[in-house]
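Next, two complexes with chain A in common: one pairs it with chain B, the other with chain C.
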Partner chain A sequence: MLRYVIRRLLLIIPTMFFVALITFSLAHLAPGNPFDKNPNRPMPQETIDRISRFYGVDQPIPVQFITYLGNILHGDLGISFTRRTPVVDVIGQGIGTTFQLGIGALAFALAFSIPLGIVSALKQNTMIDYLSMLVATIGTTIPGFVLAIFLIYIFGVNLHLLPFVGWGSWQHMVMPMFVLGLGAGGFLTRITRASMLEAIRQDYVRTARSKGLQERAVIVGHALKNALIPIATIIGPATAGLITGSFIIESLFNVPGMGRLYVISILARDYPIIMGTTLLYAFLIMIANLTVDIVYGVLDPRIKVA
Partner chain B sequence: MAQQLLEVTDLHTQFFTRDGVVRAVDGVSFEVAAGETLGIVGESGCGKSVTALSLMRLIPVPPGKIVKGTIMFDGADVLKMDDDEVRGIRGNNIAMIFQDPMTSLNPVLTISRQISEALELHLKMDKSEARKRTIELLDLVGIPSAKKRADDYPHQFSGGMRQRVMIAMALSCNPKLILADEPTTALDVTIQAQILDLLKNLAREFRTAFILITHDLGVVAGMTQRIHVMYGGKIVEKADTGELFANPKMPYTWGLLRSIPRLDERRKAKLVPIEGLPPDLIAPPPGCRFEPRCQYRRDICREKEPELVHIPNSKPDHEARCWGTQQGGWLVDTDWHKEVGDTRIIEEIKQEVAQLPPEPKPGDVPPPPAI
Partner chain C sequence: MATAVTAQEKRTAELNVLARKQRSLWGDAMYRLFRNRAALVGLVVIAVAALVAIFAPVLAPYGPLEQHGKDGLMEPIWTKFFGSKYTDPAYLLGSDELGRDILSRLMYSSRVSLIIGFVPVSIVLAIGLTVGMLAGYVGGVLDDFLMRVTDVVYAFPDLLFVIIIVATLRGTGLGDAYDGLLVIFVGIAVVNWVGVARLVRGQVLSVKNREFVEAARAVGAGPGRIMRKHIFPNILAPVIVTVAFAIPGAMLTESVLSFLGIGIRPPTPTWGVMINEGFIVFSTSPWPVLLPSLCISIVLLAFTFVGDGLRDALDPRSKM
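Now for the complex of A and B:
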């Protein structure tokens, strides 16, 4: 088990290398340059040259890449072109907020989706089932930005119940977490319902009933334990997705997190930030996948992790 | 009649589906005395399993429903009990062994957990007692190094071993009745014999009554004292095992006997299958349910359903549901052997049956030995 985890952790290194290579190439392939002439703020050519030299942008791209890799090994992600502060600090400021938002959204998604999925499986083809499937379908089909705009309009602009710009108090968190969590939760509700429906039809559930167990023990102890396996598979990528996938929501609600930072940096061609954020996202996704694989082995004895 | 352990009267279990009402069990009555063994035989889809599940009220509701009848177990009607009372019986007084050991054990729980569960629930054992007893039970059903294997998961066991685990589970609370629903169908032939032997010996040792449900007359031959043949949701013939093989009185039973395979290369005759399919239980034939497939049928068979009655020229408790073999019928003197060709298998089964232990007298049931 320990060896497996170590091997998987070591595998992160080559993966990260390729992520860095691809991102670096794509960022530089995109037309434009961070210090392009700006008609509103004209800069003399020698100033541009000096800045380019300072940030190393004048070097050939392969040299820039190798320098970048060398710096990463020292824990140096470079200096943001637009903010003139180390990328590590810039990301450090945003990551906490993004995590708060992501974890909050995940907690919300799990809190409603798993009970809802279980109940609708147990009460299949009843009003409860139809209602929860309606909620799940709405959650999965309405894009977050559409829902966000509706909510901002209703609760923010018209009712003045919730603030819709910025971050800090719990009131700020309600709408972004709800919007972000609803999509993932809708999907999880469907998965939970489907795998629970499958589990309760299995022979071993009948065996459990034939032992005289209480219905609750049959459902929780026998059916749910099996149903959790497919659910866990989904929760891993969903978590990574919630943490990394919040840029639209962060931009809409003006949340000072990594997602918004990412969008701004791409528009500004702030290479160090783009690289740093992408690498961090890649790392988070890999850790999430590893966690799922470990949890998988714990939930399902048939899968041997090692 | 002496007090029976189980007395099923006029049981009707139906499934309400989109296509109509499936009359899976349609007026079945039978009884089992304490310590007695009964075989229920019939093709797939004739209501055997549904009968067994009905006894424990394990029919999924909806779509299923036990619409009529009584199931007197140990003097109380299972169908009138509330859910808690039924749970008190399940696993404790009546235990069930299911057909497919590959899917009947929970893949994510250890063997020991799955057996201990019932012990903790019904016998109020604590965890360590239950574990100790579990290992004893696994030992008893022939799991080698039971102590080590108790913490294994089902996927680490072979099919035969899993069925042994199921048997251990069924025996765990010393039930008065075990329902074994096709316990060997999913196993290969060599393992079948081992499992059947184990089941027979343990049931005898524990003085447990059991009902063996199977589609294979060869399986029940050496196992049970009496046999009920089911067809289309009804019992069509009831007799002692020996009597049924020696003197079957229903063309369907004849068909079943002709379709028992045997491993004998000298045999020239092919197996004789029963032509056709079992009846549609949504709209069963109005007369005898076997009539559409019966080679001896006459007009009356299609018009009117025969009752399950005592048959002339047979033992007193031999009953069959057939116009032809009833008093005055046209099959009373038919020698069914002549229609078969080779009957050596029947002779062998008869010998096997002759070696069965004598039936216990009702009321003469010693308590199960402590293990």
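Now for the complex of A and C:
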């Protein structure tokens, strides 16, 4: 187990290297830079030279890449083109808000999806089951931004119940968290239902029943305990989903987090920020995937880690 | 003599039973799919959307880019019953801020969505099947390569990777081609072929040592024939299901990109572009945003229902 974890941790290094290489190449493949934005007021050549030297873009590209990698190792992600402040600081400003949003959304997703999944497995092929599967399908299928639009229309524009721009009070957080959580939760409902259906047909559940345990004890103590194991696997996809969801939801609701920052940077071609955030996202996802595999191995000893 | 007749009769009866039962795996799957009501509704919706897309120039009352300056921001005709003064029977679903007919734009949008749904997915399927089959059956360097590529691609969330590709190539010739359509194809294909290849590889590995493959090899079939005639039909079911979900996935990607302003270039209408354009005036006149949102939701749901139906039909054991 320990060897496996160490090997997986080491594997993060080459993967991160390639992620950096790909984003770096793409960023340098792209034409133009933010300094040549205004064709009517061209900058004097010496200014361009000075700026280029400041950002290190006068060096040959391979040299830039190696410098960049070296800087990453001591926590320097470069300087934002548009804000003229270190990327680390810019990310630092948004990351708290994004975590707040992500954790809130995840908590909401878990809170509704696990009970819903259990109930629909226990009442398989009844109206309750069909309804909760419909909710789950809507949650996974309807894009977050479309759902957000409907919610903003109903609760923001028509009923004036909730604010839909900004961040801060709990009222601001309700809709973004709901929308972001519904997607992850729909997926989770399906997984919970499937693994619960599998669990209640197992021999140990029959044994528990036949020795006279109450239905409640059978479901909670025997079936659910085992059914929850596969749910651990959702941590990986959920992290990825919350991250990509945050781009759209934060842009839509004007939440000052990393996702909105990312979208703004893309529109402004602020490559240092794009690359910094991409690397951070890739790192988070790899850690999440690793956590899934470890947790899975610990919870279910039948899973052999290779 | 008498016994011989009965034996023959018995044989005929057996044959009859066999004849009646003769339904292929695919026939069974189709039967199950068509009995699934949600999937059937999905298929009908998709068929209608496809017809609208094909006949958009005939059906649409106006051109998608036609502006009627004086008739901006008309509301759909039914809002008349709720006291709206800004309706006009000439614009059934109203008009946007430039006075373009929303119904016509919605119809033309379905063209882009269906193209985005099918073209990149075909590319993904072609690359993924080829690489996955070879990696699984032949193994070796290609297999190692595939696994390493997968590690990297899996570290990006799909949408993030597409966003990076599309965003960085936006200013190049590739990014400008066909109003930004081509670069979206590329983005979706680059990101998604890996998943299909990985799936196909796994399927091939689980099938390639089975007896029927060995039997084919024993009678002298070459690797190409074995892959095409013996392995391919046996790994098709999960691939079909994956593709069925990849189509709405690709449509979703386009609408998200266009909504964020890095997808299809306005004024070319797509549902995502319409939402993006209408969002500025959303709080005062919501219809230019609500109607395309509704269209995306309905079409994506339809594809998902069909995908779910296909999965249940092809793999009845799966309970997801």
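Throughout what follows, the second predicted complex is superposed on the first by the 284 of 306 C-alpha atoms of A that agree within 3 Å, B and C clash if a C-alpha of one lies under 4 Å from a C-alpha of the other, contacts with A are read in each partner's own complex, and residues count from 1 in each chain.
By our rule, contacts are C-beta pairs under 8 Å (C-beta built on N, C-alpha and C of every residue); 3 or more make two chains touch, one makes a residue touch a chain.
Just so it is clear, the structure is predicted and the values come from calculations on it, not from any experiment.
With chain A as the common reference for superposition, the partners chain B and chain C occupy compatible, non-clashing space.
When both complexes are overlaid on chain A, the residue A:290 reaches neither chain B nor chain C. When both complexes are overlaid on chain A, the residue A:300 reaches chain B alone and has no touch with chain C.
Once chain A of one complex is fitted onto chain A of the other, the partner contacts of A:232 are absent, as it touches neither chain B nor chain C. By the touch criterion defined above, A:204 lies against chain B but remains apart from chain C after alignment on the C-alpha atoms of chain A.
When the two structures are aligned on the shared chain, A:194 is found in touch with chain C, with no touch to chain B. Comparing chain C and chain B on the residues of chain A they touch gives the larger count to C.
By the touch criterion defined above, A:72 lies against neither chain B nor chain C after alignment on the C-alpha atoms of chain A. Residue contacts after overlaying the shared chain place A:244 against chain C, while chain B stays out of touching range. In the overlay built on the shared chain, the residue A:19 is in contact with chain C alone; chain B does not reach it.
When the two complexes are overlaid on their common chain A, residue A:103 makes contact with neither chain B nor chain C.
Aligning both complexes on chain A leaves chain B and chain C separated at their closest CA atoms by 13 Å. Looking at chain A, you'll find no residue that touches chain B in one structure and chain C in the other. Residues 151-152, 154-160, 163-165, 167-172, 248, 252, 255-256, 259-262, 275, 282-283, 286, 289-290, 293, 296-297, 300-301, 304-305, 308, 319-320 of chain C are the ones that touch chain A when the two sit in their complex. The touching residues of chain A, when paired with chain C in their complex, are 11, 15-16, 18-19, 22-23, 26-27, 29-32, 137-138, 140-143, 145-146, 149-150, 152-153, 156-157, 190-191, 193-194, 197-198, 240-241, 243-244, 247-248, 251, 263, 266-267, 269, 274, 278, 281-282, 285-286, 289. Interface of chain B with chain A (complex): residues 56, 58, 87-92, 95-96, 98, 100, 103-109, 114, 117-118, 121-122, 153, 155, 166, 169. Of all residues in chain A, those touching chain B in their complex are 202-204, 206-214, 221-222, 225-226, 229, 299-302.
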